[in-house]
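Here come two complexes built around subunit A, the first alongside subunit B, the second alongside subunit C.
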Partner chain A sequence: MNGVHDLGGSDGHGPINPEPNEPVFHAEWEKRVFGMFLPVAACGYFNLDEFRHAIERMGAPSYLNTSYYEHWLHAFETLLVEKGALSAAELAARQQQIAEEAR
Partner chain B sequence: MASSAHTRPLSEVEIRVKALESLLVEKGLIDLAAVDALIDKYEHKVGPRNGARVVARAWVDPAYKARLLSHGTEAIAELGYTGMQGEDMVVVENTPEVHNVLVCTLCSCYPWPTLGLPPVWYKSAPYRSRVVIDPRGVLQEFGLQLPESTEVRVWDSTSEVRYMVLPERPPGTEHLSEDELAALVTRDAMIGVTKVSA
Partner chain C sequence: MAITAAQALAASASDGGSTRLEVDVAPRFAAGDRIRTRNINPRGHTRLPLYLRNCVGVVAADLGVFVFPDTHAHGGDQKPQHVYSVHFSAKDVWGREGGERDTLVVDMWDDYMDPV
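Up next, the complex of A and B:
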């Protein structure tokens, strides 16, 4: 399917800039998102192709301006709400609660 | 403001991750011990040293090399490297005549059991977009200038097959042991954006 993820051959994305001695993860939250994938997938709410598709339908600005593990986070939130494992309201409420506790 | 000297305000993404994780734990959908074990595995145990062992074995054992190029998944499993994102492996050999380089233009397909998790640049728009239309220019950004006579082949992963490059054994390494050879092999050489140097 066509979409922003189909990047092969497009231009204007700038230099590659490989990072010397790059760590496997760049932040603690990236580890949490990565480590969640298999356990959440094992719950049966989505398969790998649905997960990839959830990233592909992010929309170009979000896709290009957020990092790889933010794509994964978006896919988790999208699919788990769509499949009824979580509600958008409880997710928003928990985010607000955590933000307030962290102040 | 942070509530103590050693904490800081959480970013929006950190808040989203904590919220998601805490809800999934409360609902019994994930077990944090399992999450922690997966993080530890892919941060500390699975990585390009595995692929380097495969390459070094192929350099010293012609029969193994033949198996690796004809039945990649099985030959890699002989060294114990199996599992997710390595179920259908194809190994392509770099020679003076042909240089292979890997990409996943659509996302981030990568052979986890042999190379670990991919670097950010491999998953990012600049590499994915450009290596398929200007591979020689991309290789130059990694410091690799190939002669015009060398054919460049770019392998774009499907969602099923995972590729790995068998780099050329550098000259002057005839005296080295398999372990010493493995120590020379880099992740980037097994993606095909550099060569192995002695």
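Up next, the complex of A and C:
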């Protein structure tokens, strides 16, 4: 699909500013999201190409306003609901619970 | 037979998660062939960058047979086919803004190209 993920050659995104001494992860939750990839893929819920496409389907505003591992988390949520491993209601309930605990 | 998570982890650690396939598929191209990339605009997944549609390049190497992402992302058909390293002159890709001496080297699946 011709989406905003296909950035090559597009202008207007501003300068690239690499962090000096960039850490592998910027937060604890990123480690957990990273760690989910192989086990969930190995359980047969998706292949790498489906995973990439789930990120492409995010929609331009979400894609551009979220970080790398948020893209991954979005792909897990999308595919696990689409494949029937989670229901949309279960996911929403858990998100609500986490939001309340964080208050 | 379904593979276990442990087997998948071990395989991924040994080859970086490569989608190379050990099957015989006839290559449509060889090193030195001039190709034109297809002007495809699929609604689904593709690894053919937008800026490389309808561009002429030269095949530099045949990298072997791999899973085709465009079908694998939608139902899991592997559609095994050759992937080639293809050289594009920056001028051919970017027009007059392309660097005079720059070459873009891109891995291209068989289904992305036609002979010139």
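To be clear about the criterion, the second predicted complex is superposed on the first by the 100 of 103 C-alpha atoms of A that agree within 3 Å, B and C clash if a C-alpha of one lies under 4 Å from a C-alpha of the other, contacts with A are read in each partner's own complex, and residues count from 1 in each chain.
Keep in mind that, in the parts below, contacts are C-beta pairs under 8 Å (C-beta built on N, C-alpha and C of every residue); 3 or more make two chains touch, one makes a residue touch a chain.
Note that the structure is predicted; figures quoted are calculated from it, not measured.
Q: Report for A:D6: first if it touches subunit B alone, second if subunit C alone, otherwise both or neither.
A: It touches subunit B and subunit C both.
Q: Who does A:H53 touch here: subunit B (first), subunit C (second), both, or neither?
A: After superposing on A, A:H53 lies in contact with subunit C but is clear of subunit B.
Q: Between subunit B (first) and subunit C (second), which, if any, makes contact with A:I16: first, second, both or neither?
A: A:I16 sits against subunit B, while subunit C stays out of touch.
Q: In the overlaid three-chain picture, which partner chain does A:E77 touch, first (subunit B) or second (subunit C), both, or neither?
A: first
Q: For A:L64, is the partner it touches subunit B (first), subunit C (second), both, or none of the two (neither)?
A: Once the two structures are laid over each other on A, A:L64 reaches subunit B alone.
Q: Check the residue A:A88 against both partner chains and state whether it touches subunit B (first), subunit C (second), both, or neither.
A: A:A88: touches no partner chain.
Q: Touching A:G44, do we find subunit B (first), subunit C (second), both, or neither?
A: In the superposition, A:G44 contacts subunit C only.
Q: By residue count, is subunit A touched more by subunit B or by subunit C?
A: Of subunit B and subunit C, the partner in contact with more residues of subunit A is B.
Q: Would you please give the residues of subunit A that touch subunit B in one complex and also touch subunit C in the other complex?
A: 6, 8-9, 38-39, 43, 48-49, 52
Q: In their shared complex, at which residues does subunit A touch subunit C?
A: Spelled out, the residues of subunit A in touch with subunit C are 1-2, 6, 8-9, 38-39, 41-44, 47-50, 52-53, 56.
Q: Can you name the residues of subunit C that touch subunit A in the complex?
A: Interface residues on the subunit C side: 2-5, 7-9, 12, 17, 19, 41-46, 49-51, 67, 69-70, 72-74, 76, 94.
Q: Per the contact definition, I'd like the list of subunit A residues that touch subunit B in the complex.
A: By the definition above, subunit A touches subunit B via 5-11, 13-19, 22, 24-27, 29, 31-40, 43, 48-49, 52, 55, 64, 67-68, 70, 73, 76-77, 80, 85-86, 90-91, 94-95, 97-99, 102-103.
Q: Applying the document's contact rule, which stretches of subunit B touch subunit A when the two form their complex?
A: Residues in contact with subunit A: 1, 3, 7, 9-11, 13-24, 27, 29-31, 34-36, 38-39, 42-43, 47, 84, 103, 105-108, 116-117, 119-121, 123-130, 132-133, 138, 141-142, 156, 159, 188.
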